[in-house]
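Every chain is named by a letter (A, B and C) in the order it is written, and numbering of its residues begins at 1.
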Amino acid sequence: MTAGWVRSLLGILTLVALAAGLYLGLVWAPPDSYQGQVQRIMYLHVPAAWVAYLAFFVVFCCSILYIWRGRPAFDQVAYASAEVGVIFTALTILAGSIWGKPTWGVWWTWDARLTTTAVLLLIYIGYLMLRSFVEDRARGARYAAVLGIVGFLDIPLIHKSVEWWRTLHQPASVMRPGGSTVAAPMLLALLVSVAAFTLLYLYLLSQRVHLERLEAEILERNREG
Amino acid sequence: MGGMDDSPAVEVHRLSRAYGATWALRGIDLNLRRGQTLVLLGPNGAGKTTLLKVIATLLSPTGGGGKVLGYDLTREQEAIRSRIGVLGHSTYLYGDLTARENLRFVAAMRGRPCTDGTLAEVLERMDLGACADQRVRTFSSGMKRRLALARLLLDQPALLLLDEPYTNLDQRTMKLFNGFLQEFRQRGGTAIIATHHLSGGFAVADRVAMLKGGRLVFEEARGEMSLQELHEHYTLHVEGEGA
Amino acid sequence: MSLLQRAWTVLWKDLRIEGRNREGLNTLLFFSAILLFMFHFSLGPDRARIGAAAGGLLWLGFILMGLFAMARTFQVEREEECLEGLRLLPGDPGAIYLGKVMWATVLLSAAELVTFLLFGFLFSVDLWGNLGGLLAVAVLATVGIAAIGVLFAAMAAQLRAREAMLPLLLFPLLIPVLLAAVQLTQGSLHGESLRAGSHWIRLLAVFDAIFLVVGFLTFTFILEE
């Protein structure tokens, strides 16, 4: 996956898809009848959210594989995915905030999905901190793998609990960043954006894993000497 | 205690262990037959403790592998742990439990809960009968060492891994330790003793090995070697330059 | 010797040690007394305010106490490298995990019980009618805290220098427990039957089940070196 030509190809595909997505989302798709142009940020917010959770799912799978099989490659992908994932999570929240302010007048709502994404960010940060604090790389990998598994399984529980908690403190509202219904051309632009962001994720992931591999090689060589 | 087959007690091949950027063990090849006592010599930091820990399955090898008592080091760790005994720097004793309770805990965890009679017997043999019901926190280091020996008497391991057993022992404990080791060897047990005390280890060695900088620089049967010759070998291989 | 028997042996050992030096329980009880005084000083004597915030305050306190209790489970293994001694034992290390989870649950639950009683006493709240329900919820939530807490305490015990990390990792993961426990406790304090909160109870049960299993399966991995 990290072969030079694969990464270059991914890079090119990503550029093309992003260009297409940006065009469709920011220019081609019709503006929302209620929210106007601001609603276009959905083409950023939703794909970013998708990648944020996809990346964590990858962390989860690689963590399980690392525990089960012990191959360093799994750990490298997990670490890289977490690093890329945390960026997209932050982006999701930022986009959500920017969308929220003009649309509903608040920078933040404790809506279940947004809150869960914020907690995801905290878990990601915890994951990365755990890795940086543990000096022994192999031990850090083991601990992080456990956190990756626990964290991922916790997300649906966190979501459910926040959702229930919200309905106690606020009546069910239409404040759902997903918007009401999504018209057909908007859906197309959205899907292209999601595909583009996924490619971007894969591209960044491959670059990051490649870097990890190089670092590991350098460590090996230093040891031999 | 121990199997009766002919497989070596310890056989490791190209065993290595890294700590971050440095190697603590490099390419160790070792083959120790059952019933033999190997004395591992070397200065502090040579990797003696690390080697013992890898054989004890406390540390996993970074490279290479091997078998202990016929069981694979990386895949059959549980089988190894149930057959080895370790005596090291730390005593693994709970200060707030009594001597008897400490023994009872380990026996229960090892799947061999024992009667009060057996406990009393091993405590007596290690001269701890009088303080069997005192908290270990009040024990001197010699007493703690003897309690660790009592624990080994209960476990009856086939392979004994001893890390610097001769340091800081009072006379009484030293006597009991030597008696324990003698009996263990007579019953066909295998032992690896890591020490930097040449004379102490020399007396009980069947084979002698030397570690320097994580590498095995010398490994021979003791045979007819005299203590003087041992010192010479040591000076040559460990203290001199080379390897 | 079965797994449960070995887990029980670990629990028995820790109970014995605590019975002899009582460090853990004493500190927790002291903590609890200080906590309740802090409630009073930060909220003032208005009983209605305290009544409204009680559930949340109590559980924030319990989670803080829980951090200490978790750290305590492995502190006892520090002297004389007893953790290494445990690692040398044959048999599934999962038994050690279960034993420690049981021990942490017992320790924290005992402290919670005393806190409830002290709370009733200091703030003149009549708890007797609901004490059974309060305690049942507390134990259920505490098992969840312990299931994850013990895992991370084992990591922190081996890291030594980085114990400050423990809360940072645990807090986000315990959100479902916190929300459920607060709702159920608040309801109980105001005389509601537990049946009204049965979905929260199910959430706690699911949380406990999932993380007990995950903890049991991954504990070996954390002990590896």
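In this text, a contact is a pair of C-beta atoms (placed from the backbone, for glycine too) under 8 Å apart; a residue touches a chain by one contact, two chains touch by 3 or more.
Given the structure is predicted, the values throughout are model-derived calculations rather than measurements.
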item	value
Closest chain to the centre of mass proxy, which here is the mean CA position	C
Farthest chain (mean CA position) relative to subunit C	B
Intercentroid distance (Cα basis), subunit B paired with subunit A, Å	51
Distance from the mean Cα position of subunit C to that of subunit B, given in whole angstrom	39
Distance from the mean Cα position of subunit C to that of subunit A, given in whole angstrom	32
Junction residues of subunit C - those touching two or more other chains	224-225
Residues of subunit C touching subunit B in the complex	1, 5-6, 9-10, 13, 16-17, 20-21, 76, 79-82, 84-92, 224-225
Residue numbers on subunit A that touch subunit B, as the complex places them	135-137, 219, 222-223
Of all residues in subunit B, those that touch subunit A in their complex	18-23
Touching residues on subunit B, where the partner in the complex is subunit C	56-60, 78-79, 81-82, 84, 86, 89-97, 101, 105-106, 108-111, 113, 135, 144
Residues on subunit A engaged by subunit C in the complex (per definition of touch)	67, 119, 122-123, 126, 129-130, 133-134, 139, 142-143, 145-147, 149-151, 153-154, 157-158, 160-162, 164-165, 168
